[in-house]
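Across the two complexes that follow, subunit A remains constant while its partner is subunit B and subsequently subunit C.
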Partner chain A sequence: MLDKLINLDRRIIYLIVLLSVIIPLMNPMGLEIKVTDSVRASYEAYEKLPPDSLILMSIDYGPSTAVELEPMALAACDQAMRHNQKVAFMALYPEGQALINRLIARIKTLHPDKEYGVDFVNLGYKAGNEAVPLKMGLDFRGQFPTDTRGTPLSDVDMLRNLTQLKQFALVATYSAGFPGALEHIRITASEYGMPLVVGTTAVQTPQYFPYYDSKQIVGLIGGLRGAAEYEKLSGFTGTATGGMEAQSFAHFTVAGLIILANILTFLRLARGREK
Partner chain B sequence: MEPLLTNEIVGLWIASFLTVCVFSFLLGDNPFYKFAEHVYVGVSAGYWMCVGYWGTIKPEIVDKLYARDWIALIPLALGVMLLFQLSSKTSWVSRWPLCFLVGMYAGLQIVYTMDAMIIEQVQASIKPLIAYNTTGGFDLWNTVINWILVFGLLTGMIYFYFSVPHKGLVFGTGARVGIWVLMIALGASFGYTVMARISLLIGRMLFFRDDFWPMIQQLWGGA
Partner chain C sequence: MLRRQIPLFITFVSGLLLIVQYYIYPLNFIGKNLAGWFQAITAFAYVLAAISLFAVNGKKIRDRAPGWIYNLVLLLSLVGTLYIGLFIHYLGQGYPGYQPIDEGTYFDWMFQYIYNPLSATMFSLTAFFIASASYRAFKARSVESTLLLGSAFLVMIFRVPLGEAIWGAVMPTSWDITVFIEDIIMGGFNNAGQRAIQIASAIGLISVSLKIILGVERSYLGGD
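Up next, the complex of A and B:
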């Protein structure tokens, strides 16, 4: 029996983990979510901006990481729209441009009164990694002469007077890796001194805590958990909160399986000594 | 829910079929997984090619040349020179643009990495070992946190200092404690990695719950 359990078919373990995700998704229980300081700081960074403030949002993720990053970006967009702030979207990540279109489609559904060019605009993807934010600080219109529709920035209502990066009140990057948050930390935040909110995947989150501790970034949202905390703060009903329950149950399951495997191994060792 | 268009229904079926194909790898390598893998690679290559053309080549070279901005000939020439890599006889030509890329990138990295990732991080790690709160009173919590940070930093650095043998109280014990500090940090990092992987699974399950299942209900219901 002991050996059977230790050599359990890995496919049964996959099935157990799958069920631990599916069951909470089908039956939400409303587990409490505690908000961490770094997420609250990100929320406050948007919250304290006056109406008509310009926000530059860099969508630096692709479809593979959208499950973690899209809920936080969407909650932040909704927050900005509710406060009548204006959002300019850009991307350092090639797939970002398609994801911006998806965010804009959601904004239009949630806030039908908001208009393209007046309340939000899509500046699109720019290749060049560090060189992009570097040029944005030197000559913003040189880097983004038009939006993705080909309209010159001087004809885009919300960006009519924009010539410099410093005219943005806040920069936020929702980043899955390279290029993304590190480029913005190095150039946008450290070189140009812009307040920067970073949203990252869970894998990367430990890497960015030192930049939050050193106050190089004003806020940090990590993974699906961070997105769920953000949804709680902003009162936005998104997918992260429901997903977090499944996440918690899956973690309990994984931790339980690790503990069980350790107990079984020790039991087998003890039995071996007895023999 | 608004009635779905035919192309949306077809898209949902393709997405769900490919998701199941990818998950089928958990049962072992099989032709369905291989099919999904090849489709993914092919679509990615096509997407990147389109993004490369419309996002870089057209605005930075084609449009500029049409506008008689002849400076665009330089990146065009460097780009063409990179293609010489395809033949072993002419691959030496591609070293020039590669040198330019490496040199430019190194220049950017050295200046900005030094400032943002070394100087500012070192400054942030210099903490008072006795902390006071805003009212001037002794702050026990932050004092403990600062001690842990400084202690962890020093022992972690001792572990990676190989110029002297890891023996004695300072270098021997320090390196052993440093291993524990690193293991705790790696454990926390691994925890986040598990969270990220489970999130990906949740993402696909949410797709089945919120997109695929309503489509099935709509088809059955005839909405």
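Up next, the complex of A and C:
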């Protein structure tokens, strides 16, 4: 019996995990989400900017991690639009450009009064990883001569007077890995001294904590939890808050399974010794 | 002979120039120009990757290697995506400079409704594998693994709202588990460990880079 439980059929484990995700999604409990300092700092970085401030938002994730990163990017976009700030989107990640399209589509739905080129613009994807922010700081217009529609930056209303990276009031990267946050931390923040907000997946958050601690970045949003905290602060109704309940139960389920497996292994060892 | 010496010479000169320009301000323009070159090389790497993909998969299809049908699907997907992305404009829509990958195009539709769900599904499946693997492998067999298990438990359980709610109901309000995890585990132990890893890997990277610049490490040339 003990051996049977230790070697539990993986399909049973899959079913338990599936139920632990589906049930909370269908029956939300409205659990309270506590806001951590690193997320509050990210929120404040946008909040303290005056209207018409230029924000450079780097969308450095693909569809596989969009569930974690898109809610925080969307909540930040909504916050910027509500404060009449201007957002220029770019991507170091090849798939980022298509996800910028999706963010822009959502902005258009949420803020029908906001216009492309006036309130937000898509500068698109640039290949070159670390070389992209490096060249952005040396010659911004040389790096992005046009937006993705082929309009020269001098003809894009919100970027008409922009020639240097330093004219942006804030840079934010929502990053799933390489290239992304690390390239912006090394070059955009450390080399050019730009205030940088980093949003990243839960798995990567511990890696970026030292940069937040040393104040190399102004804020850090970690995973779906961070996105849910951001939604709470900004009052934005997104998918992260609901997703956190499913994640809560999934974490408890996996933790419970690990405890069970350890107890069973311990019991088997104890029996072995008795024999 | 020259086939090895010329790349070694180019590597030495490029590496040296990039180091020197960083410290001597009037030579900064070299770094600026080389950054542009690097971007061009990166873009060409995509073309090279596509050619390599055709060569590797094409050979398997030609030889009817086991599972060749999947190689065929891969190549057809590549060609189809390239064709739609490069040449098909969405009729009836447009503004000056309208790109085939903009919102509302066939390429965008394909990305949003084919690639996007497939990619999200693949990534979501890892949750099931992780649960199954944790059940079988995550055992407290030694002091180190018990410490790892303990800290993983604290973060996993108490960095989610359900764990915080349970802690709040059981413990006094002055004992805030979120602060403990944020300040002690993430800001303390984690930061110390991460910094050690990052500093050590940076020193390692400098050492390897110097070896490459000076021609001691030559494995990137192939052969020995």
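By our rule, the second predicted complex is superposed on the first by the 275 of 275 C-alpha atoms of A that agree within 3 Å, B and C clash if a C-alpha of one lies under 4 Å from a C-alpha of the other, contacts with A are read in each partner's own complex, and residues count from 1 in each chain.
Note that in this section a residue touches a chain if its C-beta (ideal position, glycine included) is under 8 Å from a C-beta of that chain, and two chains touch if they have at least 3 such contacts.
Because the structure is a prediction, the values reported are computed rather than measured.
By the touch criterion defined above, A:110 lies against neither subunit B nor subunit C after alignment on the C-alpha atoms of chain A. Looking at the shared chain after the overlay, A:132 reaches subunit C, while subunit B stays out of its contact range.
Counting residues of subunit A touched by each partner, subunit B versus subunit C, the larger count belongs to C. Of the two partner chains placed by the overlay, only subunit B lies in contact with A:190; subunit C stays clear of it.
Contacts of A:66 after superposition: both subunit B and subunit C are touched. Of the two partner chains placed by the overlay, only subunit B lies in contact with A:22; subunit C stays clear of it.
By the touch criterion stated above, A:41 is placed in contact with neither subunit B nor subunit C. In the superposed model, A:213 lies in contact with both subunit B and subunit C. In the superposition on chain A, A:203 makes contact with subunit B only, not with subunit C.
14, 17-18, 21, 64, 66-67, 95, 97, 126-127, 131, 134, 205-206, 210, 213, 225, 247, 250-251, 254 are the residues of subunit A that lie in the contact sets of both subunit B and subunit C, per the superposition on chain A. The touching residues of subunit A, when paired with subunit C in their complex, are 8, 10, 13-14, 16-18, 21, 31-34, 36-38, 62-67, 95, 97-98, 101-102, 104-105, 126-129, 131-132, 134-135, 138-139, 146, 148-151, 205-207, 209-210, 213, 225, 228, 244-245, 247-255, 257-258, 260-262, 265. Interface of subunit C with subunit A (complex): residues 31-32, 35-36, 38-39, 42-43, 46, 95-99, 101-103, 108, 111-112, 115-117, 119-120, 122-123, 127-128, 130-132, 134-136, 138-140, 149, 153, 156-157, 159-165, 178, 182, 186-187, 190-191, 194-195, 198.
Touching subunit A in their complex are the following residues of subunit B: 26-27, 47-48, 51-52, 55-56, 108-109, 112-113, 115-117, 120-121, 123-124, 185, 188-189, 192-196, 198-203, 205-206, 209-210. Per the touch definition, subunit A reaches subunit B in the complex via residues 11, 14, 17-18, 21-22, 25-26, 64, 66-68, 94-95, 97, 124-127, 130-131, 134, 185-187, 189-191, 201-203, 205-206, 210, 213-216, 222-225, 239, 242-243, 246-247, 250-251, 254.
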